[in-house]
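Presented below are the structures under discussion, each in the form of structure tokens.
In the two complexes below, chain A is the common chain; its partner is chain B in one and chain C in the other.
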Partner chain A sequence: MNSLDPRVNRLPSTRYPVPNEPTAPLDQFGTFEVFVVQPKEEKPFQHEGIVHAPNLEMAYVLAKEAFTRRFVCVSLYVVDTTNVAVSPMTEGDVSIYQQIEDRPGQAGEKLSYEIYHLTKRGKQHVHAGTVQAVNGPDAMVKAKHQFNSGKGICSVWVIRTKDIRFTLPDEKDLWNTLPEKKFRDASAYKGGDKLSMFLQSKQNTSDHSGHSDNADQ
Partner chain B sequence: MNDIALKELLYKIADDQLILGHRNSEWTGMGPLLEEDIAFSSMAQDKVGQSLAIYTLLHSLGDGDPDTLAFTRGGNQFQNCVLVELPNGEYDFSLVRHFLFDTAEAIRFDLLSNSSYEPLAQLAKKIRGELRYHTLHANTWIRQLGSSTEESIARIQASLNFSLPFAMGIFEVSPHENELIESGVFAGEKELKQRWLAKVEEIIHQTDLRLPDLNAVEPVLGGRVGKHSEHLQPLLEEMSEVFRIDPTAEW
Partner chain C sequence: MYGGGNTFEGVKTDSVAQEDPVKLGEFEGRIARGEKIEPSDWMPLLYRKQLIRMIEQHAHSEIIGALPEGTWITRAPGFKRKMALMAKVQDEVGHAQLLYSAAETLGKPREQMIDDLITGKSKYSNVFNYPTFTWGDCCFISWLVDAGAIVNQLANAKGSYGPYCRALERICAEESFHLKYGHHCVIYLATGSSKQREMFQDAINRWWPPMMHFFGPADMISTHTPVLMKWKVKMGTNDDMRNQFLDMYVPKVWELGFTLPDPNLAKNSQTGRWNYTEPDWEEFKRVINGDGPCNKERLEVRRIAEERGRWVRKALKSPQAAYVTPLA
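Let's look at the complex of A and B:
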């Protein structure tokens, strides 16, 4: 392989044999959901997107740079996608809580569950509160009674608190970084001015060349 | 304390950051998975940003402006350790280098946060978060790959064995060592190496990896006095290629 990118030409041939057997079609990392608080501490956590990772801890590490690089953030957490219980989605102003039936009280140890609301399609799920419940469906019923404001809530997510990899108190300084980073933003480069100057100078040159483009045809 | 001792310290820190930052940036677009590509590229950018901050300190002490220092010096004027200039190789080596170097760098800046040279102490506090992330990232990968499959353990172990002599070169002592220690600017390479070793052992012990006996390791020295491998000069030429086309261009 010969590339115009010198980095590509430098890539070493691997010291390790390529396996003969093709890898399984679904041999890939699972997904993890990423929730972020920005920019103020009092704001609720909001779902931002997903990362692929081999496990929860790696997901946390990769999510930090993928989702909190370019803006002020105070905290972040991740959870395995398979640990998110998802309600059906409603249309229009119909609240999803109208479709969640009350269930007879269930026996079992109560655990803490986090509740997230989607108030409009296209927006992100936002943390609404915490309930104590015996399982995910039970938590959704509890949420219906505690957090149903009557406004259109088109989808509810439920996550068991202990499945979440939170930012530890002493990890908050992860976002205490060098502030002089204008070079990361396109706005720091005054390309527009330079382009106008370049086009202007080009215009002047062609004005003085004595004939227009039409005359060439 | 004279400026020569201080400047020597600043140059070796800044040059380490710039050269490794440039090396690690070569992974941009080629990382093993998208999320890791983003993370590794971001950390490379952090390192270049940190080197800029230190070249700016050098400028305030009377040396050239940061671009001049970064782009116009020859290889023998660079004081980075040889570890950081080595080609990226495969990702296992890049990760092990990242782990060995960034562990030292985080401890170095932690020590410098108490420096009697106030601008450096302030910078050390400012970049604490970045360094915290870099070590979290490195430690997590080493724990992961150092204890998952036979191949991942073998690869990380081989890279660790290969890298250690170069990593010892991070702690090459300066002729001004005592001066820096006595004036309270920096606690010294010996102190740094001791703390580094304790941290590296702590992480390695959480894996199936084995740390070779460091007494049997012959350190690769010379980087701090401008003696480099054949890999540095081509890197510098590539890095400064655009700058050299028009050094007066405004960005």
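Let's look at the complex of A and C:
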């Protein structure tokens, strides 16, 4: 390898030219959904995206790096995507709750489930509240009675609370140093004064030379 | 950072005429009403394929785009510039993560995309196949290549696919830091010593042709172009994007007293469009097909990273955490 970068020159050589198809099967990590509270304490958790990780703990760490690098972050949690129950997506102004049928009361131990609403296509699912239910479908029915404000809700997600990897109280200091990292923010790069001085001096020079030109004439 | 060129040609097998007309009508109706398409919605095969191709190329461009700047972190002038450049490079890799996730929602696994990058099957933005000889080159990328990317990304953020738009909104917010940082670096070079000014002028002279290539050749009007515009996959022509970039940034370069190496570069006051010398499109094709100054190095660095990380992934991989398609 002949590179301008000495570190690249030190890299070991690998097979080249490249094979057309990789021989190994895809080695893929699991998928985890990430929810974040930014920027104020009273804001609800909002779905932000995903990370791939080998387990829930690693997913939490990677989510912190991927989604909370700047501004203020209050809290974050992750859940394995396979533990999210998802309703269909509705058309137009139809609320998904109109399509969720009531079910006869179900027997069994009640657990806590978190409910998330999508109010408009293109936006993110936002936490609406918590219900006690025996399973995911039952939780959707409970949510229909507790959180159906009549407004159009395109889709509902349900997650069993105990499947979530929450931020523990003593982990909140993960984000303590964020406000110090001004170098990550556009506002730290004010070149306006330097630029104006430069333009002014350029102007002065050209005025000056313009004046002498006239004088010469 | 991403240039639009050469993205939309190549998928010729699908025929929109073979799609279910009722479903197609509903799909087009939704886009016409300005609603976003979400992953669980029905969508035509052509829409899915072109979006995967476009978002995947965008993601690869972020990963590869981190390399020419990343190599300057150790040599950036001073602690502040090093910290800023590190943050910027980290952002670029973060952007790739967001974009891979958006492409995955359309059904292509992330590892497949990474394999396609390192085997050369998928492309990335041509501009990153050029070397950064000096700090001036690095500043050119931070300011002007990022500026070009922002022109493309702001347009694409108004597209129809929900997950891509959400990723782009997040990316554009971070790009504002990149742009201000890049401009700040260039202002310091412009107002510095004559050597510093000369260094940046040389960088402009080297980077102007790849910058003009960045937006891609004038669009070939294929049978798919009108339908991709209607579906809000393609948000403007390559020439429109290039013109918008010239409009916003040529005056800023001139303001700093630098010149651009094109004697024909001027705005036509009647049409409002910029006149310029067509860049060498043969060179563009040659570089896209692998024969640029840094193509081999860029892919080799990625491939070595992939191979060196393999044992770590193997050690960490657990059957309990299964790969599934992301939800949104």
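In the analysis below, the second predicted complex is superposed on the first by the 157 of 217 C-alpha atoms of A that agree within 3 Å, B and C clash if a C-alpha of one lies under 4 Å from a C-alpha of the other, contacts with A are read in each partner's own complex, and residues count from 1 in each chain.
By definition in this document, a contact is a pair of C-beta atoms (placed from the backbone, for glycine too) under 8 Å apart; a residue touches a chain by one contact, two chains touch by 3 or more.
Here the structure is a predicted model, which is why all the values come from computation and not from measurement.
**Q** Of the partners chain B and chain C, which touch A:Val72 in the superposed model: first, second, both, neither?
**A** After superposition on chain A, A:Val72 lies in contact with neither partner.
**Q** Should A:Val61 be classified as contacting the first partner (chain B), the second (chain C), both, or neither?
**A** In the superposition, A:Val61 touches chain B alone.
**Q** State whether A:Asp173 touches chain B only (first), chain C only (second), both chains, or neither.
**A** Touch status of A:Asp173: first partner only.
**Q** Contact-wise, after the overlay, does A:Phe29 reach chain B, chain C, both or neither (first, second, both, neither)?
**A** So A:Phe29 meets both chain B and chain C here.
**Q** Based on the superposed arrangement, let me know which partner A:Phe198 touches: chain B (first), chain C (second), both, or neither?
**A** second
**Q** On chain A, which partner's contacts cover more residues, chain B's or chain C's?
**A** Between chain B and chain C, the winner on chain A residue contacts is C.
**Q** Who does A:Val94 touch here: chain B (first), chain C (second), both, or neither?
**A** Neither partner.
**Q** Let me check the overlay on chain A: which residues of chain A are in contact with chain B and also with chain C?
**A** Residues 7-8, 11-12, 14, 16, 29, 51-55, 58, 65-66, 69, 181, 183-184, 189 of chain A touch both chain B and chain C.
**Q** Can you check the complex and tell me which residues of chain A touch chain B?
**A** 6-8, 10-12, 14-16, 29, 51-55, 57-58, 61-66, 69, 171, 173-181, 183-184, 189
**Q** Once bound in the complex, which stretches of chain C touch chain A?
**A** Listed in rising order, the residues of chain C that touch chain A are 26, 35-38, 40-41, 71, 80, 83-84, 87, 90-91, 94, 97-98, 101, 104, 109-112, 115, 118-120, 131-133, 162, 165-167, 174, 176-177, 179-181, 183-184, 187-188, 190-191, 255-257, 294, 296-297, 299-301, 303-304, 307, 310, 313-314, 316-318, 320-328.
**Q** Spell out the residues on chain A that touch chain C in their complex, using ranges where they run on.
**A** Residue list for chain A touching chain C: 1, 3-5, 7-8, 11-12, 14, 16, 18-22, 26-33, 47, 49-56, 58-59, 65-66, 69-70, 80-82, 84, 86, 88-89, 91, 121-122, 124-125, 155, 157, 181, 183-191, 194-195, 197-199, 202.
**Q** Considering the complex alone, what residue numbers of chain B touch chain A?
**A** Within the complex, chain B touches chain A at residues 26, 30, 33-36, 38-39, 42-43, 45-46, 49-50, 53, 87-90, 126-130, 132-133, 136-137, 140-141, 144, 148, 151, 155, 238, 251.
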